[in-house]
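Once you scroll down, you'll see the structures, which are given as structure tokens.
Each of the next two complexes has chain A plus one other chain: chain B in the first, chain C in the second.
And now, the complex of A and B:
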């Protein structure tokens, strides 16, 4: 990799981000121009725009593996895959918001989602700690606003405040870690930092201290133990589409930063690796055990998402091409699957059945197709073949085994069994429990059925035809080692 | 000229005060001020290192951090006001609807 001078193609490389910013402007303008009864178009435009941007990115913005924009951005395949995932998640979130009370007809809501997506894209692209910090904060601040968006609801405001206080504090700790990295290497570029570290001039204690401080910030983003306390509260209180967005895209963006900082930058892995291995095991176990006791579906999915961050971390700590590829593939699967799960949750709570798991009783008889979507999503989360979740876990554990972390893979498999239990308990309520008296079919607007069909097909496709997707992730991983 | 280590020691002290403030205080505004203290301690470290190396990267970073901090103030205070409206309190222990 070399730092190239400015080239017109550099603009094409960040075309998706530029287009997202333009789209946000368009949405804000439409918000002023449109009549109140046509505001539903805002969400639909955001979604369609996002999918057009994905297509444009695939055509025009193929990565070349270079450092561009003065070394600020690494235009490689890992970033490219992550960006497509973020834009997809943003589009689906917009689609899942179009009929949700409190957020649906607000132009700024969609614009903030797009802003968050831009931040996430730059988190994946960042090759310099300045860019990295700015991108993390762009995503973070947009996330705080989104979580507290329905500020008249005290639950949403509370979620926003908690997210904000945790997020701001942890990112300040991360910034201090970054200042130490800069101070002891004299560089801000991650590749340059790696080469200074390789020369062995920097002491162990400094590397370890800055790694731990940075891990606090990243750990918050991906909600791993012991930085997970905010997750259940924020997930429960935030508007449900936002919960889906934060738990999928924001978490994935955190992993993108983890890959950038710890694989490209702080290459002296022998110091921080044991910490991450221990955290991976703890995160899976604590997430799954706490999920067992949950009665609220959003809290259950919150703890399950903590456990899923643990699985993705298992692949990451293998620190190999296979490991990074497995992390990337696992996250692709996780984003699609969890968005589908939240899509169902949104529809059920819209119908007035609430967010308690008991409210899902007999859903298979009231709305068989919706129950089917839930079945696909939850079985994929549980890791049942032939759905995508199974192959995600398969590659994760394979990567851990190959790196000699057999015990960690075993802990993972045991955790997958615990996970299977609580996902099946929910499905039992959906399929076996009798419906409550007078419960009607759940209304599914067309935008939602479209989103759920895309997501369900995606889950099946990433499962039954997993290998081309995994090859893609593997080619990306080869680019960063 | 004051040695760089002095600045770094001050920065570490400020950072520690900030962390303790975040962990110990219960008033949302005071927690928020402690977070600002942490950000500024990192700024001080960046500037001190930039002076040591004679490069501008660290100074540049500080400008961005200040901008980010300003954006955080806007969002954070708005959320604190929203909480105050519903609870007439900004004690974080009173913010307890979501538990389980």
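And now, the complex of A and C:
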């Protein structure tokens, strides 16, 4: 109980999070100081600040693989990659918000996004269930507010309320699970929990029960079947930049928790693994089948994001270095690709074309570059080479095959074909269907073209030069086994 | 079977009362009554904290949850609602499904809790518990990071609730 063995270097390890909190304070202050017609700077500052923080993190906060701050957080490579992904997603979301009515000129909106990113970073860092739960709740509360942010729109209010009710119920169930874990091990640190489990003194039923209860909470976050019911309504009702943010960053944060709890903590995998394998197969299949019938682009992307959680889970259940690396790589790809897709959706709905897929008719003639960005994003989601999504799926299925889950990989490949179909249907509307009478080019503000160029280049880069990124993910995975 | 101690009897009585009042919180139609039952629930939880030798937590529970939050709810209800009586149905056609799920969940959890031999956990802190708690919250080798994250969470909740509660400008 002294600060004698406190290392100042530990502060550098959480530099990104400290900087994010400071940035949120700066944004709130700017909100008061700035004149009404210059409020656009709020979103731009959030975005630029996030990218500066990424650069600073790469320079100053390289992980050393140690448990720091009293064992609360694990300063390892997995957490580092996830944190960079979250901060990137937060920055891009801010950039994609600067001209969206209802959220664009609100300092508190950007501050809450930054707060959510802080929560996600600690979800990835957490090495202790107390830390973990607080981080999950921080992310959750920020998410509920963001989803219901435009609360004068009844759909956004419904989205916020639905997200909140589902989130509160599932995190209460997860808390049951976590308290069971503490009850039978007497430890809150995940590594210590694992060593108690390794001693074999804990009964099967308790491990299985706590695994299932925790899975309810995590399953909600990553929107896997059967905890996916909230996703389409919330994704449809929330402001579109928020939808992009929740469907990418929040989902990835859930996977970070999954890796922490189930690989570092509840190591007795033979009990809970069959459940996760079954859920992976169900999630892919149900997500893709339901996506087939969607007419609204946000609902389509909601169901497709459920399916993508299934693919990432396929790699996870391989429970190997390759599997975790494939999960991490898949999520990196998914975040970049889905943000690009939502970027296009934001621009199209801003232009007054609405959110129905029919409104995208003839977009290639109205705005060829925007249509190209959509083509890249959707083909990557579908898993077409040479885009990033192909290698994401390739590594996922390779990991499953190597772990002996050949049937699961086959289910995945079949699902990828279903996915390809509905992504191509949308692209057909964009490229083949004639545009509506008098449809003009879609206005693309510079911030958006900048964001879409970054994302599209990212998609191509992660596809054509996948191996250094995958090596990075692999080195991270090696750190936790 | 060991003899039941006085503390166990108190626990059982208080726990049953707490569950019963919680049930009333969500079933009574008068909002003020619901808020008052919530006070009873929170008081029951405070008693459980006392039984766990967590005197400080019990005090916090009473001062903060009953003294501030529950009273605030009562005021908020009285100041904003002219109709204290909630109208409309309290459940929808899926109520039986919810009941079944809840019953199964309850049965599963309680069977599980009965069946385990719980390990003895480290005993309560000896000495000044408030001092130990306060120190652990600011000790870099204990809970300073969760403590700070909790403050970030509370600020988000504060900003968020103000945002959601403020009436919007006409321009939007």
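A few remarks follow.
One rule holds in what follows: the second predicted complex is superposed on the first by the 476 of 481 C-alpha atoms of A that agree within 3 Å, B and C clash if a C-alpha of one lies under 4 Å from a C-alpha of the other, contacts with A are read in each partner's own complex, and residues count from 1 in each chain.
FYI, a contact is a pair of C-beta atoms (placed from the backbone, for glycine too) under 8 Å apart; a residue touches a chain by one contact, two chains touch by 3 or more.
All figures in this text were calculated on a predicted structure; none of them were measured in a lab.
Looking at the shared chain after the overlay, A:141 reaches both chain B and chain C.
In the superposition on chain A, contact of A:206 is made with chain C only, not with chain B. In the superposition on chain A, A:432 contacts neither chain B nor chain C.
In the superposition on chain A, A:164 contacts chain B only, with no contact to chain C.
By the document's definition of touching, neither partner reaches A:465: not chain B, not chain C. When the two complexes are overlaid on their common chain A, residue A:176 makes contact with chain B and with chain C alike. When the two structures are aligned on the shared chain, A:236 is found in touch with chain B, with no touch to chain C. When the two complexes are overlaid on their common chain A, residue A:69 makes contact with chain C while staying clear of chain B. Once the two complexes are laid over each other on the shared chain, residue contacts for A:417 go to neither chain B nor chain C. In the superposition on chain A, the residues of chain A touched by chain B in one structure and by chain C in the other are 130, 134, 137, 141, 144-145, 148, 151, 160, 176, 180, 183, 186. Those residues of chain B whose C-beta lies close enough to touch chain A in the complex are 8, 11, 15, 18-19, 22, 28, 31-32, 35, 38-39, 41-42, 45-46, 48-49, 52-53, 55, 57-58, 60-61, 64-65, 68, 71-72, 75-76, 78-80, 82-83, 86-87, 92, 95, 97-100. If you check the complex, the residues on chain A that touch chain B are 129-130, 133-134, 137, 141, 144-145, 148, 151, 154-155, 157-162, 164-165, 168-169, 172-173, 175-176, 178-180, 182-183, 186-188, 232-234, 236-237, 294-296, 299. Chain C makes touch with chain A in their complex at residues 108-109, 112, 115-116, 118-119, 121-122, 135-136, 139-146, 149-150, 152-153, 155-157, 159-164, 168, 172.
Taken together, the chain A residues at the contact with chain C in this complex read 1-3, 5-6, 10, 14, 21, 28, 69-70, 72-73, 101-102, 106, 108-109, 111-112, 115-116, 118-119, 122, 128, 130-131, 134-135, 137-138, 141-142, 144-145, 148-149, 151-152, 160, 176, 180, 183-186, 201, 203, 205-206, 209.
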